[in-house]
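Just below sit the structures, each encoded as structure tokens.
Note that chain A is present in both complexes that follow, paired respectively with chain B and with chain C.
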Partner chain A sequence: MTELRRTLARQRYLLDHTVASMTRRRARNLGLLLVYAAMVFLLASVLFYSSALKHEAALLLAEAPDIVVQRMVAGRHALISGQHAQTLRGIRGVRAAEGRLWGYHYDPAVRANYTLLVPPGAGIEPGTAVIGPALARARGAESGDVLGFRGHDGTLRPFQIAAVLPQESALASADLFLVAESDFRALFGIPDGQYTDLALQIPNPREERTVAEKVREALPDSRPILRDEMLRTYDAVFDWRSALVLLPLSGTLLAFAILAWEKASGLSADERREIGILKAIGWETGDVLAMKLWESGLLSLLAFLFGTAAAYWHVFGLSAPLLAPVMQGWSVLYPDFRLTPAIDATQLLALFFLTVLPYLAATLVPVWRAAVTDPDEVMR
Partner chain B sequence: MMVQTPILALLLADLLGLLLLIPAGLFALQVLRHWDPSSGHARQLRLEKRTHLVAAILGLVFLAQLLALPLFVHAVDRMALQIVGAMCAVGTLNANPWGLPALLLRIGLFFLAAAWLLMHRMDRRAPDYPLIRAKYGLVLLILPLAVVTAGTQLAFFLQLDPDVITSCCGSLFSQDSESVAAHMAGLPALPTMIALYGTIGLALAAAGVYLRWRRGLLLFGTLAALSFPVAIAAIVAFLSLYVYEHPLHHCPFCLLQPEYGRIGYALYLPLFVATALGIGLAFTSAFAQREGLRAVLARAAPPLVVAAATGLALFAALTAWLSWQSNLILLGY
Partner chain C sequence: MNARVELHGVRKAFQEGRPNAFWAIDGIDLSLPAGGVTVLAGPSGSGKTTLLTLIGCLARPTEGRVRLDGRDISGLPEPFLAALRRQTFGFVFQRFNLIRGLTVLDNVMLPAYPLGTPHRSLTRRATGLLERLGIGNRVDAQVESLSGGEAQRTAIARALINDPAVLIADEPTANLDTALSLAFLDIVSGLRADGRTLLLSSHDPLVREASVVDRVVELRDGRLVADHQGKRGPAG
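Up next is the complex of A and B:
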């Protein structure tokens, strides 16, 4: 035990000395700390943001239908008829097959696409609409106002806003425009009995794959999409986007490593004298090396803490204003939402590997060079 | 290839590690050939100066190796979401033939890196570098392993495509498949239990003997190291069944999932620490007859032995408790 206590005490004294010596060169160390923390901040923001988006996507998709069936014509998504739904209801394992109606509408007034959707069930009176919060903001619309759209045939169709959706569900509902079925068909000229796609309910998740195969057999021109596949795709897309943002940053990483090398090897005359004196009064090479490693370690720790804390605040406090346009997608009506903090150990560990490891590796050789200098060489 | 941040981090760590390890390996060759503390030759002085650098480099690389294993497992586990049919890390590892070898190599590297760090600690406390040749010999053993690990892992990640259909843990650990993992699943529960508690019991006894009479360190280290494969076999053969309360679910990775309270971390952490300490102590004690080392070992080894024995005891206790509180009955009355 005394052995351990002695080692700890020794390291504490070394740390003490290191901190004192670092504060003596405050400007230099602060500059390096700033650059270092900024780099950690950038990488951490990307990581936190993509994982938070994945988290949101998973939450959203939990509500999605088990299987979506689309009809394909010449490789393009086409309308599907109600008869198809009838056929699919006959497949064993399918509890329900509902036709869905949804589409996009470009509004030249705000230069943005709305998502028009007919909610399941008879929720909305013909002639009225329920709109998403971002859309309401963009058009300055409130409940009771009237919004008009030009339909497929050029006639103007007014909708009275019955309600604005709450802010909580913004990621999914920002640009939503919920209308009644008859209005939707009239606006886009979709005949009765035709739907955008079909949503299947499969009570037993183990049967999803088999049901999907049977759907392909029964309707060869259709494309069944499983909820799992959507989830997987979103997950892959967000991972891919975050890696795409990170890859150009790797150049920054290299530049930073070079900076660290430079800073560590450009010993000032003061520092050289300090090391010379330390060695002259009996410090061994190992001690000087330990002191210098403490210096790198402390700097890394501080930069890592500051960088991740700032990134956390940037992503979960401010909703990542620096990253949102790249990572979210190409929509114009951005949802204004707060992300739920979702961080796991993998990200922090990966971040450590991407930032601290290159820094420590880059400073090792210069640090050692400083540590092995002979006292007579520098004090002369 | 899947482009993902943890993958990029692991590849970077391996690349940096190799960049640093290869010159360290060349230096190790020089040490093995020319190291002679009694000589005042310029070459010896140069070697002594440089050994500080190489030791610091190796310390960094091996510490990174220790962290790379959990990152690898966690990342692979997380990727299962993007691979059809994969439900946990096993599905991802099974997506191509490089997966399981990459994991096994990573585990091997983890233990050797830990052993090196422990030997280095011991060596530094003695004034005359008693372990320097052994230490650098070990580096020469680790270097090719690190190269192979990096290559295997790279091949695994390059060939890993989302959406490749893989057998999930259910089919990998089914009784009729012929792979090693399946073989573990085939081990009957009672003999595996006896082997597990027997090995750990013997190791704890050896620890007691060492702490009382300062003898048998090599034996303890070997037994602690041996506990690892036995413990993994036990997890696959019966412990996972008790935890999942399912007579056919043998997966050792699902233990890490939140559904099971992440109990795997509580099991694997003490086990890995104990095994790493055991391997390090076994390596070190193989050279214990050296004069300088004997004194160092007498001072430094007992707390490490206590730590390793505690880890093993914790693992055994947790295993016993999990088996006892489970609703699954594997052994008839």
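Up next is the complex of A and C:
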């Protein structure tokens, strides 16, 4: 028999014995598996969710303008003149500069804010609106229905629903209310030629910072915001929300971790006796450690697989009912959507090492201590 | 299958360096030739079991030397001691120390796992041993369901699975009635006939005076107080 075959056969025997040994302590091992899988599930759920939200946000921002220019008055965002667009078009590196109209409207009927937006181009007829799916759900509105809003002057303005946006883009469009430019201006009392902000297109990403500098020079009361900065803000917000979920849970997680550590690291008198017997009948310390490594490895790997699979199903199958209220935002109109699976492999690997390695260490150290003593002492 | 064991000035202390320290074995010189049955006799606390653990490489002497076929084994590193426990010595414990929850067959095969012996030949060998010891019908039984005699035979089969030259049994008849004790001595007789060295500790007269015994070594307070021939006489 070659040495390799002998080694493989030996590992197979150890694995067989490990499985038999785990089956004998069924209740303890199942309990550990459950607690451990629950911990992995919680951590992985937050991880998957924030990762997918960041991914969605990045997709969303991919279509956003390269630079948004806002006018600031006394540190507050103010309307900006459309004439500045002409000035900005003159800056080298700027392909296009367009005024945008958008804002928020509070609807007391459903106690929620809508995002009102004039889409680029002449897509929407005056007197009509295209609405987001969550808004349609909240108001029970369909195509052809009429929704009325009171404008800045108290006048009630009716809008006939021309269409409801599709569900796929729900995260971005849930609370959207798209209207024609004339209706937007009339509703909020915004004079012609004034815009919420200006959107710039910069074909060469390396020129963005230089262009932003030039915008600041040309319009000293303006604030240029780069798309990268918006992406970083989204990331920070989602990270902050992840922390917000994990902080209250950290106590529970810690309790779980201590319980698992306690259960995993404590050797029962029975296990100690068994190690003594195995050593007395000729098992080496390395054989005992290999057996326990199989045991801890199997248990932690199963817990990791169950935990991550359950988290995947929770986040991408069920749309994370346990996390959605905190992670999606503070809006009343929660988007009803399914996230596209987006998993950060590095984070998953980090989770694997953070959950599996401490467990292996917790279980192996006491076994090693028991296994290096003379077998007659272990049995006494 | 020969293995000659020699002890020179062997001492073993417990609780060393503490006020309650004591010498369980206190200067033993002994030579056990290969083959034959030797009984370590003496009252409780005389050091019989400790001496067996030192000979069987389950513990190291505090002082002195243990030699196997002329080679000093008392200072060997743990992996070498484990190899000796696995292949040269077979141990039958007083309370048998079978692993609960496993079958008779699994318990018997356990000492062979680290060797990576092919499963089929290992199973065949274990089954053969159990049949020879008269419990071939109990291979699949859980060890918790065994009677005292069956548990002891399982422990003997486990001790023999790697075909050791020396079989060590600690108080083998302590948990058996007379009929089972006699049956055990029959097994000892068969193993002696195989050419193995058998080393038993016992304060049971039935064992000390058995016709299969070649030599009786008496211990008291960790010291050798008498060394005389058994009923069978000199080993051979």
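By definition in this document, the second predicted complex is superposed on the first by the 334 of 380 C-alpha atoms of A that agree within 3 Å, B and C clash if a C-alpha of one lies under 4 Å from a C-alpha of the other, contacts with A are read in each partner's own complex, and residues count from 1 in each chain.
Everything that follows uses one rule, which is that a residue touches a chain if its C-beta (ideal position, glycine included) is under 8 Å from a C-beta of that chain, and two chains touch if they have at least 3 such contacts.
Note that the structure is predicted; figures quoted are calculated from it, not measured.
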item: Contacts of A:Leu293 with chain B and chain C, given as first, second, both or neither; value: first
item: Touched partner set for A:Gly75, first chain B, second chain C, both or neither; value: neither
item: Per-residue contact with chain A, leading partner among chain C and chain B; value: B
item: Chain B versus chain C as contact partner of A:Leu354, first or second or both or neither; value: first
item: Which of chain B and chain C A:Ala345 touches, first, second, both or neither; value: first
item: Partner chain in contact with A:Val372 - chain B first, chain C second, else both or neither; value: both
item: Touching partner for A:Gly140 - first (chain B), second (chain C), both, neither; value: neither
item: Partner chain in contact with A:Gly189 - chain B first, chain C second, else both or neither; value: neither
item: Touching partner for A:Arg232 - first (chain B), second (chain C), both, neither; value: first
item: Touched partner set for A:Gly148, first chain B, second chain C, both or neither; value: neither
item: Chain A residues contacted in one complex by chain B, in the other by chain C; value: 1, 285-286, 372
item: Residue ranges of chain A in contact with chain C within the complex; value: 1, 5-10, 13-14, 17, 20-21, 23-24, 273-274, 277-287, 372, 374-377, 379
item: Of all residues in chain B, those that touch chain A in their complex; value: 2-6, 8-10, 12-13, 16, 19-20, 49, 52-53, 56-57, 60, 64, 67-68, 70-71, 74-75, 78, 81-84, 124, 162-163, 299-300, 303
item: Interface residues, chain A side, partner chain B - complex; value: 1, 3-4, 46-47, 50, 228-229, 231-232, 235-236, 239-240, 242-244, 246-247, 250, 285-286, 289, 293, 344-347, 349-354, 357-358, 360-361, 364-365, 367-368, 371-372
item: Interface residues, chain C side, partner chain A - complex; value: 53, 58-60, 78-79, 82-83, 85-87, 91, 93, 97, 99-102, 106, 110-111, 113-119, 158-159, 162
